Each structure stands twice: as structure tokens, then as C-alpha cells.
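These are the structures, in C-alpha cells.
In the two complexes below, subunit A is the common chain; its partner is subunit B in one and subunit C in the other.
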Partner chain A sequence: MTIVSGKAEPRRRLQSARSDVLRKMWGHRADYAYVLPAIAVMLIVIAYPIYYTIELSFFNTPPGLQLRDKIFVGFSNYTAILTSGVFWQVTFNTLIWTVASTFVSFVLGFAAALALHRDFVGRGVLRAILIIPWVISAVAASYIWKWIYHSDFGIIGAVLVELGWASRPPNFIDSVSTVLPSLIVVNIWREFPFAMIMMTAGLQTVPEQLLRAAKVDGANAWQRFWHVTFPHLRNVSTVTILLLAVANFNSFIIPWIMTGGGPSNASHIWITHIYELAFGRQRWGVASAYSVLLFIILMTLGYFYVRALSGNERKDGSA
Partner chain B sequence: MRRITVGGAALRGAVSTALTISLMSASALAAPPVDLSKWSPEYVRSIAGTQDFDTAGDCAKVTPLDYKGRLTFWYQGVFEGDPDLLRQYYKDFFATFRKTYPNIQLEEQALTYNDLLDKFRTALLGNAAPMAVRLQILGGTEFASKGYLQPLKPEDVGYSTEDFWPGAMKAVTWDGVTYGIPTNNETMAFIWNADIFKRAGLDPNKPPATWDDVVKYSKQIHDRLGIAGYGLVARKNAGNTPYRFMPQLWAYGGGVFDEATANPTYKDIELNSPQSKAALQASYDMYVRDKSVPVSALTNQQADNQPLFLAGQLGMMISHPSDYNVMLDLQKKATGTDKEKAQTVIDNMRYGLIPTGPDGKRAVVFGGSNIHILKPEYVEGGKVDEPAAKAIICMWTSPEWSLKMAYAGSNPGNLNGFKTKWMKERLDSIKFLDVTTSMLPYGIPFPALPQSPEIMNIIVPDMLQNALTGAMTVDQAADDAAKKVKDLMGGGL
Partner chain C sequence: MSTVSETISRGRSARRVRIDGWRWGGRAFLVFMLLYTALPMIWMLLTSIKSGFAAMQFPPQWWPDQPTLASYQKLLDPQNSVGQDFLRFFWNSLIVSTATTILSVIVAVPAAYAFSRFTFPGRNFLFFAVLLRNMFPAVIFLVPLFILMRAIGLVNTHGSLVLTYLTFGLPLAIWLLKGFYDNIPVQLEQAARIDGATRFQAFVLIVMPLSTPGVIATAIYSFIGAWNEYIYAYTFLSKNEQLTLPVGIQRFFSENTTDFPGLMAASFMMSVPVVVLFLLLQRYFVRALTEGAVKH
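Entry: the complex of A and B
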């Protein structure tokens, strides 16, 4: 009898919890109705492509066959990717590209935000100028930089030769050793204004009275920054870094337009490599397998992003 | 006076012989409208303007001029490296088509060479392709082999198969069935700046005879004048690269397969043969050892070589006769002393036959474009308006328009185009046209395989880049490329 009642009690609690959830859902039925169209669209444009990409990653798609005639190969695409030298080269490039672009963009953006947080004549104009790289089209910027870097008649090379600092124009994008750093510079140039805007917004939330109190207490500029300003910016910094990291992991326009991943794959990052595999070589299966791996990585980054945002909300709530 | 190197009985004889071997072999019993065995610049001049054609009348027999319909059409159009003259002919064509067929609602879209294949493939995957498409010569077999194209032969639009180059017909044939019609066919020529040659201590009226000479001349120009000698192009995913490297590869006796032979089987991979490696070594010597070509060759395409040539910073390059017109267009836009400098370059621009390999073998890519009709199931809306599609195909492949649309840079796909009055006019107005018509007999079509676009646009440029950047040795780069082709042909991942 005791045993029976011991089993029934949790079941009753479970049923009660379920009905509570259903009741709450019914109470919010209007909210669900509002988000339903968005969810439906997401299912069509996100969920189905994800499912199809995962499915396709288990098939071989030779160039002589239509996609509908694809051949099931199990995990062979994944094995082929992980045992390919190009995969590791492209992964290394992607890591360098993402880490360097994210870190330097953030540092430069933060420095610019700190500088522009002070009140001085021309601050507004300077802020507007610094935002320009971020607002102009990435495609246009890529073409402009391609000409700036041009190994035979680029403006940088011409100036260096004219000043006598180089005997011939430096080779920026036609060399395997300099192409990736050269592209990273362009990416940083384009991205740091975003970090600057984010950090400028964050700086405006730092309480002025705390900074004044610290100054009265004898704290110098560095101590005020490190002990008052920076702790207030920790969350916005985390979010900025994560957003930059996700954007950089997904970069396509700059490397594709400027070099197409070359020379000799030296500037291929994951997205450009996936594009070439799919649209240039029609290896839809291998490209899908790459995409699935990239999806897993980005979802992991996304998880940390959401956690960072949730942390912000919790802290804001408790404050 | 022609300043080109073509001339003399010996050359004419060689041209005729080569033509007979390379082009007639594909269709020995055919009776083309022009006598290919007599092919020479003089013969081309003699037939020009000898026949009139009524394009609208001919096409009316295929699709009545009052036909009412709708056509979606994509085509490989003009790009930044083409002359203004060609842009005008494209505009004229579509205006004339609309005037000739006023009840056909035409929705055309121009795409550049480097974008067309990717966009077309993507559209096909979504069953959103146009009803008709004009593709580069390299693309036809891929889409025919996959079953996207409808059978289509010249007879379907009122012409005869013999009206077209046999080599071009190979490129639209898959498994014995014809899936398209050639619109234009082209072979490029060798261009040099006589003034640069003179200043570098070379004979200004004598182009390099062999590819080994190109290497030597390029070095001499660079060492003496400090400018680039030869306009090497090694960019990936750009048609310009195979069009410039394959003639070199074939001249040295190499190839991807046996495509340079009269009856290719495409069985054995030759990309890592000693001859192919010698061709790659020549590029390596110019780029790495001598540093005598533009450093930007790895990211450049021919459109980047044109301003370099016009600025007097480049001694030699491979291109179409249209480059002369491009130079004139660019010169008009120049100002001040640049204008004078450009004029000097134009005055010293010379065209000649593409150099031979060490054994005297001369080769050039037999390029061009084809026009196709899609199967309805792959077309947006699921329907193909065949009469409308055939109307535009009839018009584009007519003697008149296949010539006009190739006016400055190419040659008519329809051999009757050589007989028109516009050909006569063209011979008088397009400088150096004789050279490229003389190169036609040496034309070698790309392998007629569905894998060709990947081989030519990705694997071959990759091989060049791997060797030229030092990422691999010449041997390793050639072996790596051969392995990639082998894997590709084996259906590998």
C-alpha cells in the first residue's frame, strides 16, 4: 500500500506540473500566436536547410551526376575531410583569421571608444569618420583594398618605392606567407568600428559618481579604469567579442573577393572553402559535411553568447 | 601593310595542313560551306562578302515572326575586358530580336564568364533555370551529361551541322547526342610591344618563336628595362588562366589527357608527364627564377594585363584581336601625357602566332560559346517556350549575328558568317584579325567531359599556384594535380 502510494505521488505531481505548464501556455496563447509566423518562417528557412545539409553530408555528389542521383557514402565525407591536408590548413587559417581579427578589432575598438569618451573639440566628426569603414559595402571595400595592395601597381607599393624604402612593391596578396595577415588587416579595418560603437555604449553606463569618488580617494587614471570602468564593461566586452568571433568565423566577402582563397589555399577559410567545394567543384556532400562541422562550432559559440546575455540579464535584475 | 608575322607560302602551307589534320579529322566526310582545306588569311579574304543572308527570313521558317510567347534567357555576356564595340553589338542584337519578334516577351540576363557557371548550377538545383542559356564552351558537356539540356542540333533551327566547326560540335555532343549549337569560336594570338622589344635589344618585328624564347625574352625585357616581360595569368576560378596556360602545356607536348591528339580518348592522365612538367617549369622560371612577369599574376586576369600593357609596363601577352580595340577605348579615356604614352604603345602593338614548343608544336585553346535549351522540369515555372527559344537561337547562330556578336574578339560559330559582307567590313576594320583566324587550325578544344570545368578552372590554376608560390616543387605540383584529376575522374569525394 505504501509502495503504491509512493509511486502515485510523483505521478500526481508530474500531472499537476504538466497541467500547470499547459495552463500557463494557454494563458499566453496570444504571445504564441504573435511569434508563430516567425517560428513557421524559421522552420522553412533554417530548420529544413539544416536537416537537408545534414542529410546531404552522408552522400557523394560526383560532377557528372545530378544532385538527385547522389550516392550514399555514410561517414566517408567526414573521414575524407578529417584526413585531408587542406582541411587542417583551412582550419588553421580560420583560427588565425578569427582570433587575430577578433582580438585586434576589439582592442582597437575599445581604445577608440575610450579616446572618444572624453570631451574634446571635433569628437563627433572623428567618431563619424571612424565609423565609415563599418558602413561602407564590404564588396566595395574589398575591391578598393585589392588595388591598394596590388603587387605591381598598388598605392602602398608605389609610395614605398617612391620614398626609397623598398626597391620593388611589397608582395601583399600574391604570397602564401603575407596574404592572410594582409587580409586580416582589411578585416580589422572594417570591424573595429563595430567594437568601438559597442564599447562606447558600454562606457556610457559607467556611473560618473563612482569615477569621481575614486578620484577623490586618490585613484590614478589606470586604477580608475581597471577598478571602476573595466568591471562595468565586462559583460558588454564578452558580448562584443562573441559577436565578432561569430562574424569572423562566418567571413566570406573579403577573402573571396580579394584572393578567392589563394594563392595556393593560403587565404582559404572555412566559408570560402565550403563555397568553392559546393559551387565551384559541386562536392555538395563534402561541402555539407564541412557545414555541419561549422554549425556545431558556431552553435557552441552561440551557447556562450546566450549565456553571456543571460548573465547580463540576471545581473541587471539583481542590481 | 600587315605587320603580322603571317605570310609566305611556308606558313600558309603549315596552316592548311594543320587545319586539315585538326579540324577535318573530326568530320572527314562533312561538306562545310567553306573549303577548310584552303584555309589561310587570303582564302578568308577571298570568301568574305560573297553571299547575302536574310536572317529574319531564315528564322521565320523556324519560328513565325508573329509568334507570341515568352522566353527567359541567360547568356555569357560582355565583361570589363571587352571593347565598347562589342557592347554595342550586344545591344543591337537584343533590339533587333525584339523588333523581329515583337510578340515574344524576352527576359534576358547577362552574366560574366566567371559567374555564369556557379549561378546556373545553383539555379538548376532549385529548378529555377532559364529556358535557354548561352554557356562558355567548357560548360556544355557538364550540363548535357547530367540530363539538364534538351537535344538540340543546328538542323533544329534551320542550319546544317556542317555549317559549324567540327571541333566546336564536339563540345556540344555527349554520348553521341548533340545538345547545343556553337555561337562563336575563337583562338587567341600572341601580342607584343615592338618598342619594348627594340629598347630591350630584341628584334621589334620578330616575336618569340618558341615558349623557351618567351622565357628568354621575358627575362631580357625585365633585366634591361625593369618592367614585366610576359603577362602570365594564374588566377583560380577565372577562364583566362587555362586559355593562356593550356597552349603552353600542349606546345611542350603535355596535356591533361590526350586532348591534343586528333581522336582523344581521355583515358590516360598526362598532367604529370615530363612534357607537362617542362611547361610548368617554364612558368616557374619566369615567375620565380627570373621574376620577369607581373608579381600579381596569381590574382590577375587578362583585364588586369590590359592597362599594364597600355602603360608600357608589359612586353608580351596572349589575347584576342579585340585587345587592340580595348587599347583604343582605354586610350580615349587617358589624359595628358598618359594619352601620348598609350598612343605610342598602340602604334607599337604587334600580333603574331602563339609560339611553338621545343618540337615545333603550336597550339591554342579552341574556345567559344554554345547555346542550349533546358528541359522544362529544371526551368522556373516548369515550362519551356520552345518556338521562342529556337527563334533566339536561330538568330544568334545565324551567319549575320554569329559574326556580329563575335565582331572584335572571336569568330563566327556559323561558318557562313565568313561569307557575309560584315566579315569583309570586319577584315578592313579590325586590325590583326588575320592572325587569330590563322590560329584557328591550331585550336584544341578542352576535353569534352563533365569534369572539365573543375579541371580547367580549379585544378590547373591550383597546380600553377602551388608551383609559383613555392608551396610545392614543380614535380610535386604536377603530381598533385594529376592525382586530383585521377580522383575526380574516379568519382572520388
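Entry: the complex of A and C
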């Protein structure tokens, strides 16, 4: 068979494969009914907006968002972004914000999960308290911390003065140099519990026998962690870090409510900047072009996310 | 017997000397995390029971001299305008969050079940497509969704929020539930099928009751997500009487920014429902994340 057909064979195979898929899909038609509602909602509220954002990014649309009056401008919205100084400042802020928040949240959350792994009196209560910041609204969190950082009556400033470390309360969120780190502290406060929950869950899957075997073989606590626990948690860690990175990259509420991106753009990150361009200055075209760029970045991240997830699946399948 | 256990315990105590450093390090770390987590919340509570004047002092009153519940009374009093607004925002949040929760469970349950059980072509693609939704920030969707909502006449209605919250809650809801269904043995359903149940009956009578914890976890997640959502509500709603709590509080206190006790009281009241809900049902919630994310 292989000798006779040079080109025809793969094509025929492709055709038969395609009709196989269709037949299979028809055979499973009832199964699609279960996912249809979910897919329908997703299509309306996701596919359509993505298409629309891409279209708008090539037009200048008047401030009132009258779509009939939009003017085609080609790539000029994109060139306007890439040549503006604000773009690089905001990108730099976003990078620091995302990397620092993700890294510290993960390390703190993982360490807390490890410290809470051994049972002791009050463990459940402690764990619940540590999770609360993640549950409460980011708006409430922003106001709490705005009050804590208050330049006249904030408690941190007062403590620093009482201890004699500062002559007067420092400006945490009104000063260009300290605003971003101050907001990152708030963000970590809200994000580390998520890492803690995920890593707690992960720790419960580490086989007790392996740890005991390592102990019998004379491994110390650090060696047991590094050679048994940690490799076992690689997949959970990857997924957690990716989810954290995406969530931090997409943050909006904390910088928006606490500083609105100020002072002089020092705490603007991509999302707040896009929001201000669109709904503040009503530059819909530029904001849409920004969104498309963001979309491309996130798709790249998403590719790794899916790979990490299917890596999990493959490993489960072979085990 | 006793000698054996003695030697074991001696061996353990010998090793414990080395482990102790780690354990004390862990304890110190936990104390640090407890302070980091709890002190801001305690300061919120302490501020909320001060008078406006007492809050604006330097150095601050570490403990309120004259604790007062005035801020809470003001917020909860239907007679004055502040209380009316606050209670209306609260009610709006409750309606939007409840509607979102019910709808997401209705939509997510069949989808998650299908992703867990059936092997139809495109299953993996659709599943990842649903998960990918989680990657994208609200801002990308805001402008076009605003246009869409304007076109179908949902701007300034709670319907626009419920529809949007549904989509951003669905991916995780489906993911969490799928984890639960994956852990329910197929044999149970097969037994029911052999006894003459249809696939749908097997699902409703066998699988649904077993997955109740998963459904509860999903419901909590949707509720908390909807309760805390800010950016869509901020963009889609402009009429004061429709605002949900996060936006309502922001509008309210951007007008009189000096009332920090009031703001802290409002933040506290806004957090109470979700924290209580979470504490009551956290077992399900944490378990769901475990099943969904880790054993995926």
C-alpha cells in the first residue's frame, strides 16, 4: 500500500480523518448540550469584545463613542503608544509590580503553608485569619491601607516617629520614590493567602512514605524539603505562580483607589493606564491598541499556563 | 516493648535538636505573618469606633479614649441619607451577587460534568478556551462590553453586571467542579444506568448529591467574586440608586474624604458577609481548590 500511493494516501487519510471527526461530533451531539450554555455566554461576552477591541484599535473614535463617526487611521494608534515616554514608564512599573508581587506572595504563601503543615493547637484559626485579606474586597483593603499610609495621621508614620526613626511621618503614597513599593506591600497582603491555599493543598499530596524513607536514609529537614517535597510540588508551584502573575499583571483596584496612578504616573500600571486613556481621556483608539498589545502578552503567558496544566494531566495519566 | 519505644524516642529527640531551629524559625515567621495580616484589620476596627475628631490626632490614640458606635449607627440608620444610601448599596450588592451565584451554578454544573465525563471532539480545546478567560483583565472587555450593553439596553441595569460576572466567574467554577466530578467513581453511574436510569437521571440522582460540597464551594466563589467586583460596576452604573457597595462606598467617601471612621466602618460592614460566609464554609472552599488545582 505504501509503495503504490505517494501523495494520494495522506490526503485520503486526512479526508477520512476529517469525516471521522464530524461523525464523532455528530455521535456526541448530546454531550455538547451540556457545555453549550457556558460556551454561548463566553462567546457573547468574550469573543465579540475581543473582535471589537481589535477593530477599534485601528480607528479614531470621537469622545462620546459615536461609532458611526470613527475614522480609519491604520497603525498610528500603535506607533503613538510605542513612541510615548509614558508607555515605557508604565511598562517598567508594571514589570516591577508584577514580578515583585508574584515572587514575594509566592514565597510568603509557600513558607506559611510549610509552617502550618505540622499540626498544632490553633492551627485552623491561624490559617483562617491569614486567608481573610484574600476574601475581603480589594476596595476595602485599599481604604484600610490608604488610612494606614496617611501622611498626617497614618499609623506607620506615627510608629516611626514614636520610635524616633523619623522626625515627621513620611509620605508613603504621595512620593514618587516610595509609592510603588508601598502599593506592592498592600498587594502582597491580599495575594499571599492564595499561594498559601494552593501550596497547602499541594503539600497534602506529598507521600508521607517518601519523607519517612528520606528520614531513615539520614536526610535532614532541608534535604527532605529540597529533594522530596519541592520536586513533588513543581507543577502546583508553576500553576500558582502563573495564576499569581496573571492576577498581578491585571491588577486595577489597589493602584486605582489608593493613588489613581499618581504621583506623576509613578504608580500607573498597564491596566490603570488603559482605563484612564479610555474612560478618563476618552481616547478609545489608543486604549484599544493598548488592549490588543496586552492581549498578545497575555496570550503568550496563557500558552505557558495551558502547557503547565496539560503537563499536570500528562503526568497524572502516566502515573 | 518499652525498650523499643524508648530507643525510638531517644533517636527522635536526638534528631529533634537539629529540627528545632527550623521549627522556631517557622513559629517566628508565623507570628510575623499574623501581625502583617491582622494589624491592618485591627487598626480598621479601632478607627471605626473613634469619633472623627479622635481619628485625626497626632500622635494617634492607640486605643480609642471614648469608643463610640456612632459610625455604625449612621450607616445602618434608614432615617438619615447616609444610612439610606448605604443600605441601598448593600441591598444592590446582595441582589447582584445572589443572581450571579445562582446562574453560575446552573451554567457551570452541566459544563463541568461534561468536561469531566464525556470525550467529545474539541473537549480539551473548549476546556482550555474556558480557562483562558481567566487570563484577561476586565479592562480589555470594558469598552466593547459597554457598547454591547448599550446596544441591548442593559447599561444602568443590574442585568449588565450579572451577565458580566457570570463570565468571569464561570471558568474557575467549571474548573473547581470538574475536579469534584473527576473524583466521583464512574461505576456509581454505570450501576444506576444498568438499573435502568437514563444518563440524565444518573446525573441528577447519583452525581449531584455527591458533588454538593463542590457546588457549595463554587457558589461561595461566585458570590465573593461578585460581591467584591468593582471595575464593571464602576463603569456600567451611573445612577446612584443602583450602585453596588464597592463603587457606592467610593463615590460616597470621595465627597467627604475626612470621615475615616465612617470609611473604616463601611469597609468593615462590606467585609462581614463574605468573611462570615467564607469562615463558615471554608472547608469546602479549600477542598475544592485542592481538588481542582492540585489533583487536576
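Everything that follows uses one rule, which is that the second predicted complex is superposed on the first by the 302 of 319 C-alpha atoms of A that agree within 3 Å, B and C clash if a C-alpha of one lies under 4 Å from a C-alpha of the other, contacts with A are read in each partner's own complex, and residues count from 1 in each chain.
Criterion: a contact is a pair of C-beta atoms (placed from the backbone, for glycine too) under 8 Å apart; a residue touches a chain by one contact, two chains touch by 3 or more.
Only a predicted model underlies this, so the values are computations on that prediction, with no experimental measurement involved.
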First, second, both or neither for A:L67, with subunit B first and subunit C second: both
Partner chain(s) touched by A:N171 [first = subunit B, second = subunit C, both, neither]: first
First (subunit B), second (subunit C), both or neither touched by A:A266: first
Partner chain in contact with A:Y305 - subunit B first, subunit C second, else both or neither: second
Subunit B versus subunit C as contact partner of A:D152, first or second or both or neither: both
First (subunit B), second (subunit C), both or neither touched by A:L95: neither
Partner chain in contact with A:R283 - subunit B first, subunit C second, else both or neither: first
Subunit B versus subunit C as contact partner of A:V239, first or second or both or neither: second
Partner, of subunit C and subunit B, that touches more residues belonging to subunit A: C
Shared subunit A surface residues [contacts with subunit B and with subunit C]: 65, 67, 150, 152-153, 169, 279
Of all residues in subunit B, those that touch subunit A in their complex: 118, 121-122, 125, 142, 145-148, 228, 234-237, 294-299, 308, 313, 450-451, 453-454, 457-458, 462, 465-466, 468-472, 488, 491, 493
Subunit C contact footprint on subunit A (complex, rising order): 21, 24-25, 28, 31-35, 37-39, 41-42, 44-46, 48-53, 56, 65, 67, 108, 111-112, 114-116, 118, 126, 128-133, 135-140, 143-145, 147-148, 150, 152-153, 155, 158, 161-162, 169, 189, 192, 197-198, 200-202, 204-205, 220-222, 236, 239-240, 243, 246, 249-250, 252-253, 257, 271, 274-275, 278-279, 284, 287-288, 291, 294-295, 298-299, 301-302, 305-306, 309-310, 312-313, 316
Touching residues (chain side subunit C, partner subunit A) in the complex: 18-19, 22-23, 26-27, 29-30, 33-34, 36-38, 40-41, 43-44, 47, 55-60, 106-108, 110-111, 113-115, 118-122, 124, 126, 128-148, 163-164, 166-167, 170, 174, 224, 227-228, 230-231, 235, 245-246, 249-250, 253, 260, 263-264, 267-268, 270-271, 274-275, 278-279, 282, 286, 289-290, 293-296
Subunit A - residues contacting subunit B, complex: 60, 62-67, 73, 76-77, 80, 146, 150-153, 169, 171, 173-176, 258-266, 276, 279-283, 285-286
